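Following are the structures in question.
Two complexes come next, and they have one chain in common, chain A, joined by chain B in the first and chain C in the second.
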Partner chain A sequence: MPQVKIIAKNFMDMVASLPAIKLDKLYNNVFICEAILRSLPPLAKKYVLQMLYIDVAVPATVLEEWVLADGASKHRVAIDRLIQLRIFSEITDRKRGTSYSLNPTFQNNLQKHIISGGVLPREPMNSDNSIKLPSLQELETYALKQWERFLLQLINSGQGDKLNGISESMMKIFQRGLLSQRDKDGPRLTESGFQFLLMDTNAQLWYIIREYISNAEERKVDPADLISFLLELSFHVTGEAYNSNTLTELQKNTLKDLEDLGLVKLQQGMKGNWFIPTKLATNLSVSLSDSSARKEGFVVMETNFRMYAYSTSKLQCEILRLFARIEYQLPNLIACAITKESLYNAFDNGITSDQIITFLQQNSHPRCADRVPAIPENVTDQIRLWESDLKRIEMTQAHFYDEFPSKDVFEAACDFAREWGGLLWEDSKRMRLVVKSEVHNQMREFLHTQSK
Partner chain B sequence: MPSVASKQYPDDVSLLVLLLDTNPFFWSTTSITFSQFLSHVLAFLNAVLGLNQLNQVVVIATGYSSCEYIYDSSLTSNHGSFERDRTGMPPLFASLLNKLEDFVTKDEELSREEGNEDRTPSCLLSGSLSMALCYIQRVFRSGHLHPQPRILCLQGSPDGPEQYVAVMNSIFSAQRLMVPIDSCYIGVQNSAFLQQASYITGGVHHTPKQLDGLFQYLTTIFATDLHSRGFVQLPKPIGVDFRASCFCHKKTIDMGYICSVCLSIFCEHHKKCSTCGSVFGQSKLDESSSVSDKKKKASQT
Partner chain C sequence: ICYVLEFALVRFLQDSMVNSIKGVFISCDVPMAQFIAHLNNSLPPSQKFIIQVLKLDTTCMFVKPHAEEMIHSAVITFREQNSYDAKAN
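And now, the complex of A and B:
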């Protein structure tokens, strides 16, 4: 497939790819152990829990007895994951066969955590302090506003209010892959850029954070430190204020960047600076793709292809503009229409019909979301039809054969190609055939043996 | 209307309602003390909460004559950390232990007032089961995505036959809600109620042999989320005690009389059903069974 897909894998794949020494260092932090435990597949979690107080290595045969026959594949996945993250270490003994034991640091930390509960390295501010804390509602609006501002800046770098923390060069890094730089007509969104805009917030956030981490070394920051701080942050309580004096210099700098993304809110008080994690931060380590952060939708789609979006956001307007024609904008409502031209425009930019339809479904207004289907069927059908209109011709790499010495050889070659599932076209009168290029090598060998 | 299933998280997110037996009559007779037992249970709760960020735990204390919600992880997570400053205990469970203490003293007073000497030293299982089901029902109706609920009874007290009807009704409503009732029986006798509850609702019943390793039993068997149950080896019931209690004297009986209209159970013959009022005819068996009744009574005394 020629399409470039942005894969928003989760945090733990990144952790798993760290070198062994770094990984062992990470396990010294209780919260990372906990976050990693949470990210494991259910069966792996169970194994860790079951082996938490077993000090000797457990033979693989015993482990296998814990699952039913149906679960064998899940069992293997769980074990592989545990070994990959270096939570299990494999010991092979000639007499007793393979056995597994838990990583001692990980085991110790988790035991401590389970008995005494987690204790964060810093205390939240007491509520009787002089500063007024924002309510959870306010905090969430703040986070979303900040995130939207960041996205707007990301897609049309010239306009919009400037962000204070993230430097121009950081922005460039985020835009890499999403925007293509052409000197003539300014930056344009690439295919993956368009797809990025249609993803849900969690996936987008994860993409940005991943870029942020993988870029850390260029900024002379240890990615392991950054990961451990981000994971720790996700265990702070949403809406509580924490003193930033407890942080290291590196963490303070990171916080400034995170504020721009809406992950934390910084506040200055009488006795120093405070930071308040938002829901975006605490959701970072959640392994679920569409977690509780599901927002209320705003789009009403009608059967006559007109679309009403109850939104004041500039960003939402930009996103709708990707595949619909904006007709007019009222203070709280955007009225637009899906037309053949607007959709062709979207398809040109590499957006697929499925992406548009899922976007509409995910963001449909609560009143419409209750209906089945949420988006009128004639609209979804038409979107798909228009897309398939553009794909009338299918290209397949192929090889053309002719000048067969005899009818027999030709027939044999046809049968051979058919067997391999590679025959595309044959003309038995003039003895010509076209075969997929994957089969070309086998075909050539076959013809060689035939001619001998 | 979206169905119940579609509103659940796709993964292994679970809501565990734990019914904790605090019956003093039972805890005065056991090999491990209540505080040892609690330390196992608290570690287990911590483990369950640790498995998934969205996991939720509710603890209901089941006393001798009352029961009460003593802990809800969805409520305490926001201000739990403040309490730590005062008591010096792990933040998560300081409030649990405080509430538990209050509950035990209140329960003691209540049972003194009651002063019923004849009652078996059972705990109020029916009450706490109903509270658990009410809580789950509220979660179901709250409209958002909700975790998969299950109930775990940690009980050591013997069954109270006088609660038979209430317990059975709770079990059947749990069955209808598709909420499994797991049971871990730590007492000496066998609990017919818990065996039936787990059997009917598709939960797991287990009687640990060594209470010192209770944590291991709890994590190995009862920490298994509903999603994993499909492919993990869990203890199978060996036999289920299906005996019922009669409605008239609340005794557990093997054989008895059943009203053919409403299926009420009686240990001896009545002229009229006390539940639905149907008048029973004089059966042919009556004379012969009254003879066997007398025999039974004779053997009991």
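And now, the complex of A and C:
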């Protein structure tokens, strides 16, 4: 099965890939500087802070002295990251060798930030408690509901209610790569689409935001402005109301799209319009590995291959339908069974057994999650066995070589094939070789040069 | 002298031509290998597809390119014959 993976890249990787001018413009915003500082590896953070008040370039040798001998690789990683983000600029001098200096904009802003503590361009509005704000619990339910509605709309455009902010064309952009257009039955999920559904919420959110930002240029929106707004949003306080009149046009338009994704809640009243950021928004600048907001699990897996999912969500029902047979649905429960047919169906669609098992483990009910192992071993073993049953025969397009003129040519050919990762089988006694077809052309040229 | 050198050059080029055959490399377990061998033997000589069995325990072999599809569908049929389907009764 082809291994197509959806890589939900870190926000910072996306920032790092911006062109130099845009990146420098981004550093004008104090919050971006702070967010980027937070995302740096520990050694890089130390270097930035140590150089914060030094105005001249520091020679690379001095920096190297700050690290012990066995930290050399981490040192390299930190320096590369800093150069990639244009926080460090490298100056090479014939006499004095390489030296590094901090990006001046970044430096000034961070200095100011340390002293003043960083003030958001807007204050929370509700100082006199005149507006009735939703509680944090209500806000979280709202965010989740919006996100699920969005996902349902994403994978099945027919079902589900229409969304307000996100236009048809935007949906098509998100669906690109996740769904394929089939004329007869309507759009169908692709392999990547299935893998996307089985990822956890943070990773899915990243994917959507990344597509949204990459697509910004086509909509005549500057991606740097978008990134800076999103990062700024992540520094707001969850649950507090902020007045919308402090926003630019672009930001107001973005807010409507973000509402559909469940990142903010828009409200209006006597005091005007305001928006309330949800947890999904404030988690934006946090790196992927740090997923503190763990949804409560809802799946109970039994040793007789029956699965009980305590959920009322349509989306989760659809996800379970991907690899299990839904037996019946009660008001608070979905009863399913994992069968060979349902799994073969999933494998045909490109889902791997690892993804299914990870999904089950991450979403297991708290009662089950405490048990070790959370999912019974006979179930996980059987899922893997069924998958390997489909892969008993490995077939590769290849070429068979024999009648080598000499042992040396044969050995050289073997090494050549090995270097290119194409060596499938060799027989040194009878001097025969099997090499992948992708390497055949290079092999032929190599053999021609050998015979000269 | 000229002729001798030229003749030697031609001989050298001819000798050093490595032979290559295009096909499909198959790696599997012993029962599957037996199945493929059985499939091969059941075909008339003109359609036999195994070019070369590469290992003594038959777990690696080299077959003709067109055989890939055929082996694949034969294996699927074989597997389905071995699976119990409650609804099929």
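Here is the rule we go by: the second predicted complex is superposed on the first by the 395 of 452 C-alpha atoms of A that agree within 3 Å, B and C clash if a C-alpha of one lies under 4 Å from a C-alpha of the other, contacts with A are read in each partner's own complex, and residues count from 1 in each chain.
Please note the rule applied: a residue touches a chain if its C-beta (ideal position, glycine included) is under 8 Å from a C-beta of that chain, and two chains touch if they have at least 3 such contacts.
Not measured: the values here are computed from a predicted model.
Using the superposition on chain A described above, determine whether A:Leu68 touches chain B (first), chain C (second), both, or neither.
first
After the superposition on A, what does A:Pro331 contact: first (chain B), second (chain C), both or neither?
neither
What is the contact status of A:Tyr53 with respect to chain B (first) and chain C (second): first, second, both, or neither?
first
Thinking of the overlay built on chain A, is A:Arg38 touched by chain B (first), by chain C (second), by both, or by neither?
First partner only, chain B.
Which partner does A:Val237 contact after superposing on A: first (chain B), second (chain C), both, neither?
The answer is first: A:Val237 touches chain B but not chain C.
Who touches more of chain A, chain B or chain C?
Comparing touch counts on chain A for chain B and chain C gives B.
Classify the contacts of A:Pro19 with the two partner chains as first (chain B alone), second (chain C alone), both, or neither.
Neither partner.
Just to be sure I read the superposition right, which of the two partners does A:His113 touch: chain B = first, chain C = second, or both, or neither?
first
Which positions of chain A touch chain B when the two form their complex?
Touching chain B from chain A are residues 34, 37-38, 42-43, 45-46, 49-50, 52-53, 65-68, 70-71, 74-75, 110, 113-117, 119-120, 123-124, 126-127, 237, 239-240, 285-288, 291-292, 294, 370.
Across the complex, what residues on chain B touch chain A?
Residues 1, 9-13, 43, 46-47, 50-54, 77-78, 81-82, 90-93, 144-145, 215-216, 219-220, 223-225, 227-228, 230-233 of chain B touch chain A in their complex.
Which residues, counting only chain C, touch chain A once they are in their complex?
So the residues of chain C touching chain A come out as 12-13, 15-29, 32, 36, 51-52, 54, 60, 62, 65, 68, 71-72, 75, 79, 83.
Quick one: which bits of chain A touch chain C in the complex? Just the residue numbers, please.
Interface residues on the chain A side: 340, 389, 392-405, 409, 413, 424-425, 427, 434, 436-437, 440, 444, 447, 450-451.
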